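Here come two complexes built around chain A, the first alongside chain B, the second alongside chain C.
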Partner chain A sequence: MSNSSTSDLLKPFKLKTKQQELLIRVSILCLVYILAFITRLFSVLRYESMIHEFDPYFNYRTTLYLTQHGFYDFWNWFDYESWYPLGRIVGGTLYPGLMVTAALIYRLLHFLRFAVHIREVCVLTAPFFASNTTLVAYFFGKEIWDSGAGLVAAILIAVCPGYISRSVAGSYDNEGVAIFALLFTFYLFVKAVNKGSLAWGLASAFGYFYMVSAWGGYVFIINLIPLYVLVLLITGRYSMRLYVAYNCMYILGMLLAMQIRFVGFQHVQSGEHMAAMGVFFLMQVFYFLDWVKHMLSDTKLFQEFLSITVTCAVAAGGIALGVGMASGYISPWTGRFYSLLDPTYAKDHIPIIASVSEHQPTAWSSFMFDFHILLFLFPAGLYFCFKRLSDATIFIVMYGLTSMYFAGVMVRLILVATPAVCLISAIAVSATVKNLTVLLRSKNKVAQIGSTKGTSSAKASSKASLDQSQPFQKNGAMALLFGAFYLLSRYATHCTWVTSEAYSSPSIVLAARGAHGNRVIFDDYREAYFWLRQNTPPDAKVMSWWDYGYQITAMGNRTVIVDNNTWNNTHIATVGRAMSSYEDEAYEIIRSLDVDYVLVVFGGVTGYSSDDINKFLWMVRIGGGVFPVIKEPDYLVNGEYRVDKGAAPKMLNCLMYKLSYYRFGEMMTEYGKPPGYDRARGVEIGNKDIKLEHLEEAFTTSNWIVRIYKVKPPNNRW
Partner chain B sequence: MEARIRARVNLALTFFALLFFVAGSSPPRQFVISNAERRIDLSSHIINVHLTLKVENAGTRSASEVVLALTPTEVDHLAMVDASAIKGKRKKTTSVRLEVKPTELPDAPPIDTKYFTIYLANPLNSGESTTLEVLYVFTHFLEPFPAEIAQSESQLVFYHDTALILSPYHIKQQTTFIKTPSTKVESFIRMEPTNRVGTEIKYGPYEDRPPYSISPIHVHFENNSPFAVVEELVQEIEISHWGNIQVTEHYKLIHAGARHKGVFSRVDYQSRQSSNGASSFRYLLARLPPRVHSVYYRDEIGNISSSHLRTDSLKSELQIEPRYPLFGGWKATFVIGYGLPLQDFLFESSDDKRYLNFTFGCPLIGMVVDKLTIKVVLPEGSTDPSPVVPFPVEHHLEAKYSSLDVVGRTVVVLEKKNFVPMHNSHFQVYYSFKPIFMLAEPLMLASAFFMLFVACVAYIHIDLSIRK
Partner chain C sequence: MGRTSSTKEDAGALFHSLRSAYAATPVNLKIIDLYVGFAIFTALIQVVYMAMVGSFPFNSFLSGVLSCVGTAVLAGKSNFLSPLFAKDLPPERAFADFVLCNLVLHLVIMNFLG
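What follows is the complex of A and B.
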């Protein structure tokens, strides 16, 4: 037989089963590592190696500063170019983890004599960390279930759109490294709980430190871990391992986190971090009780002691919290935290948070889009977890359930839920496939035994075993197995499609299909920013809506009034008020802010819908929230927002309308439509005769997407 | 025979030089210009002045140094001066390039003047005459007036000159032709006889003018040609002996014409192209060597998507468009990079050296380059570089660290100010290089990986645990 001859030939190379398994596992992991990286490179291939979106431009700018000026200057950097005239203490108001990571990678590459540009490092940081996340997912899966589940988890998370959306090449944002840090911290903590070793606890504290340095989402860790510990305490799973792990992680993690200036003393002062501290004290009470129980032999006495101690501890804790709150030592929960617990809170109280599209509650479609079959595998995985409860599975269940809730509250938090969903789904896939293959293999074994023996007695025994099992078991298992693989392959296809179609656009360069199917590129943003950079005085102040602030400072290199770090609501409201006032009133505000140029984004020519006219109601709301002279109903007609002839008179004459549509009335945008036809909103504009008195058009990009106006100096009085 | 003549000429030269020295180095007044014709081309912002002089030796001894005079402002804007002698009659003319050098003449002329001396190939004997052709190229010489214009206005500029040619010699007859880019001439100063036909203004002929006679004139006319000036161009040519030359060019471009004033209206610019932004420009054309590959065009904030490359076997043309049209005073910076096959530009010389033969110039067509820096990055391990450039340039050496460099690469830096397209010529950089250095980097990488694997193997096989 040819089969046997080849096996003879390969005999010296033949590996033991264990070695084979290791080889397969390592090669799968390597492939997954590479896959996670290259699937995120669609944006580089489609467009170029560039930074995406809004916030990444700030991160890029700060990283550039860090590499050029060194860490001390970065830490003490006072940025005069943003929030004019207030400025911004950059070192104290950012999470430096991302920038430091990129700068270190950059230094390392230069040390190894690779002359790369810092931009390339920044662009590829997120995919690199996504690759690392797959490794962590493998080890985490191995810790909570088995190495099979770990492998499946690594594969699932490598291509999961929920994660890819924030980690494609060029998406140089905190989340890119933070998800790695989050999962790594959780893994180390679970490992510490399982082992009860100080070393793992210490490692998890450092993981937590890295997470705190990287992203504000660390609050999730510092609340989830105490919650998990509390659940373990309540379910009677208190152990010395847990005590060691939590105390080590909490105390060291807290001390380390205090080194980050933006976080500072929040761990002991802010309401959001009090749960962790409460659980820490509760642990001590438990330990004390355990000790007392050990000393006392009388159970009745202990019961009484227990009740007194618990009451005292709870009362003391409550009083301490109350006093802290009342004296102002412990700050109350912030609006952002409230808006997580109550999805309607932001809409009523903080319009600036509600105005961001990624802060909206999640629609079902986006769950389906981001998770695909994981959405169905998630409950199945939960079932398996509950069937085999352990400290580790309790953790992953709690992580999965809480993060799923947060994912439902805010679109962007799907990202936090993704690792949990992948892990739990991996358990479902791994357990199901394992069960099915075991079923198939046991059948084969029986058949083999039957064939080798080949006697009537064997026939009888095989008959007996067949009778025990259900009919068509083998076929059923095969069918299910094929079904599972079909689903998984659908998942892979879906993920690739989503990555290539939806998540790989840099949003700074817009691409559309032309009339002949050719690709048309609208590079208007960079056109405008580069014009600002080259042809305006270096100290020019640019006023725009806060969305474009980071991009203007990073690409245009000019001072902005407000930017995406929305720390001062009044300042933003002032800009909102200027945009929604009549021109002469707005001119007063503009003069008082010492503005030289006003920049608006306008999509009426190209049909680009996320422009300033569509964002305008938020400017009105945010402006009106601080300055009651601005009233939303003034801009609406019967509660309807419109820009055509039937629009509200204040709408037709406010600064934003004028700046967007200045001389647009002469423009033919579409064949067969009247001049001044707004393609983004599909109407003919209502005010075609716009005269500007205090501003003049300084630059309009080739597709009109960005329009820049120069503020004229005041008229001479004499 | 020829050698004897040459010896005699040499002897004569020494003799005359001695005599000249004894006479007290007065300007060689023995020449008379019997006929001078000057054609001034004002059609772009690079001004070409073609001067044809018929020089006659009216002195008693033969002389070989003809002196040209220029005003200090002209010298400040002078990019290049070139002279050639015309031999033969009618159609059978051949021109011989002559050496031109700036000189100082000791006696003070009536007005402040700078001099250039043309060294004739053969001394002109008494009574003989010869025809010289001189080309002056001036940059930044047209003064926009008004200095600021709005979008719909066209650009008007002043040209200042003198109707009479400034010369240390007596000129018997002279004519000046000024060619303007269009028929739109606002004003010009007459000096009879002067007449204007179409795009040409003719001054003269003027008879018998003494040395240093001038008559200031100006022409105020429309010039909408792109006043594109590269303020600084840094061209880096990196040689890799693995078969590639990588060229990177950093441009700082400015529209040096009348400054743009007030509104820039896109709707006017798009719908009424002819009457709007006439002096602005959008497209630039770069002529690159043939067989160019991996061309890119970008700036500090990313790729610029508006460029087209056309290649054929003789040349490659890259049409680029800056991110926005350039109006007066607007700036743009960008980078063009491309790769070239090594065998087209690198050769071995007879003395076992290698040399790079490359164009000294700016690939963008019709550009004035205020400061041109060419950096030739030689491969790591190359020694004694020496540049050979046909005109005077400043040069020095630098070191550069590129990928996987340990000792750094030698960079030959050549700098030239006020560069015009007429300067375009080839230059060479000679250097020695041992091919063994080519293997340094691959070997380094291979050994690094080898060490890594050895470390892995060692880690697996060594038991590092403290407890047993």
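What follows is the complex of A and C.
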């Protein structure tokens, strides 16, 4: 059954078929590993090796601290440079998995005498773990279906844009490591359920521990696995293997997870983790029933016993849960996760969660953009899974369906759905291609009917015989195969294009096309942060909107009032109130917070649309949520948000407006337009004659993107 | 009325048949069951103590209770003498797994005790 051309090629090596197959598989996996790594390097090649976005800067700063001061200091670190004057207990409020991983890689490389800087390690951690994820996807596919599906899964997940979006080089964020940990934990658990040994259960507990240390999304695992166990119990697939796997993983995993200070005792106290405990007790009940069934020889007695026991157990569980929740011991679902079940909750009650652009519901275009052909291969794969139901395929079906639901609720959760979609689509592709190629290679059955009746029935399963009523089957199979390969090649092209165009921008460095088509780079952010670092006293405090907090502490090395951690809503609301008030009231708030410098981001000169004036309404809403003196309608005109002459008077005189447009009224931004034309909003501004009384301009970057103001001390009384 | 008396009879018959079947199990199985029962009993005592004294070092309480529950569960699962045991693993491998898991469990407990 050997392919003649490959065997001709490999004949000089005298390899048997099994070895040829192994060689092909290993070489494919190596190529996929390299591909997954290099497709994420666009921004490093185009710009430079730097950390992107906002959150990764905090991770970078903590990793730097870890490598400089050691683990004990890191674990007990109290950071007084952010959230002035409150400070932040960093050791107890972060997920250390990413930092510890990067620090270990750094130590290993230094041990091997490669003197790399920690920043290089941080930048390349995510692509490295993406490559490892492809390997895990291969083994997972092999476990669920067969090695062909595993290979296709590895290839699909190597280039899938849904995963690339959060794991490009430079995106040093928790998700880069967490998706690897997620898939690894799921693979180990499915392996444990298939094998039924304690060792694999222990491995899955360690995988879960790594996941808990890496990302807050571990709640998905601790709810999906009990749900899966429940589905297996309901469909009558209880077995000793399942009992062993789940119990080992739950007990050891829970204990290990509680070692992370940020998670703490949530596994026994929080409503989000109660499903796992409930299923744990239910498993004990099933084990007990299994034992009783084995003991008793009379089945009728056993049925009655069964019904009594199950009702009692469920009732007891329900009562315990009810008592726990009513007495307040078990806390209800927190806002972040509750808004997944009820998507309208955040908009009404928690504006700070609703304001993050990644938390918005997903549009169809995002799905198509991130998944391409996988979107219709997913239902096809589900069909194949249902045809061959086993414990493992039930798991992947559940993972796929639940993650797709959550991906529809929140854009950033497309990332969690990506491995499931890739695996299920891989099953569809692999099964289809396998059936088609078997058709292509089958021999014509006509001549054999008479003589080989006995052997044909044995061989019918391996070589599908051609149906004589459909004479063009081979041609049809060939055409379908070409179609399938064409689709896959289009997928690869699409993914590379998406990665290059959409997901490789560092967002701290902006690029545009100049008038002659040359590339113009705006490096204003880093210019401003380094100005802060070099020209302000070391204990200066900087007030800005929370988006820039991490970058200011990491690159500017100065104390900030609020940053991206957003753990204290009142503090953020105070800053929002200061930005939305008239200058005198704002000055009082600024003095009470000991602020020395105020930083705003302004996109009117360059047309940059993610600046503070566009975010201003969120400042008003968040500030107004805590201080009712700030009312959103004061800043709007007929429900419209304007900055030109027709804008509301409070808008024209609030601190944010003044700081953004100070001296902007004399500036010519575009040929043919009046001075003071705001290119980001497309209007001429209303208040051109701005005078600042309590602040003075300290620094404006070369393209006016970041503007820094110094707070003047109060006037002398006499 | 006939219904309830028949269920009572059934319950009695159930109880008797369970007792006789259990009395027939070999002694070493009963010893392991005793070990599991003792671990759970220790956990219950700790819960009662916590209810009396208050749960201040909660991590210590949790680690104590979970170590008992953990050893009970692990012993129940590794019990390769039991007829419920999954047949595809050799007993030596099951015992090695048991030792490894117990080792990890107790190391984590020691770390968690504070």
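Quick note on the criterion: the second predicted complex is superposed on the first by the 679 of 718 C-alpha atoms of A that agree within 3 Å, B and C clash if a C-alpha of one lies under 4 Å from a C-alpha of the other, contacts with A are read in each partner's own complex, and residues count from 1 in each chain.
Just so it is clear, contacts are C-beta pairs under 8 Å (C-beta built on N, C-alpha and C of every residue); 3 or more make two chains touch, one makes a residue touch a chain.
In this text, all values refer to a predicted model and were calculated from it rather than measured experimentally.
S.K.: Applying the touch criterion given at the start, work out whether A:D689 contacts chain B, chain C, both or neither, answering first, second, both or neither.
M.R.: Neither partner.
S.K.: Between chain B (first) and chain C (second), which does A:M50 come into contact with in this model arrangement: first, second, both, or neither?
M.R.: It touches chain B, and chain C stays clear.
S.K.: After superposition on the shared chain, which partner residues are touched by A:E640: those of chain B (first), chain C (second), both, or neither?
M.R.: So A:E640 meets neither chain B nor chain C here.
S.K.: Looking at A:C248, would you say it contacts chain B, chain C, both, or neither? Reply first, second, both or neither.
M.R.: second
S.K.: Is A:Y287 contacted by the first partner chain B, the second partner chain C, both or neither?
M.R.: Second partner only.
S.K.: For chain A, which residues count as touching chain C in their complex?
M.R.: Counting only chain A, the residues touching chain C are 195-199, 201-202, 205, 239-241, 243-244, 247-248, 251-252, 254-256, 258-259, 265, 268, 287, 290-292, 294-298, 301, 304-305.
S.K.: Can you list the residues on chain B that touch chain A in the complex?
M.R.: 262-267, 271, 299-306, 323-324, 329-333, 401-406
S.K.: In their shared complex, at which residues does chain A touch chain B?
M.R.: It comes out as residues 48, 50, 113-115, 509, 521, 523, 526-527, 529-531, 533-535, 555, 663-664, 666-667, 696-702, 704.
S.K.: Report the residues of chain C in contact with chain A in the complex, numbered from low to high.
M.R.: Of all residues in chain C, those touching chain A are 7, 10, 13-14, 17-18, 21-22, 58-59, 62-63, 66, 69-70, 73-74, 76-78, 83-86, 88-89, 93-94, 96-98, 100-101, 104-105, 108-109, 111-112.
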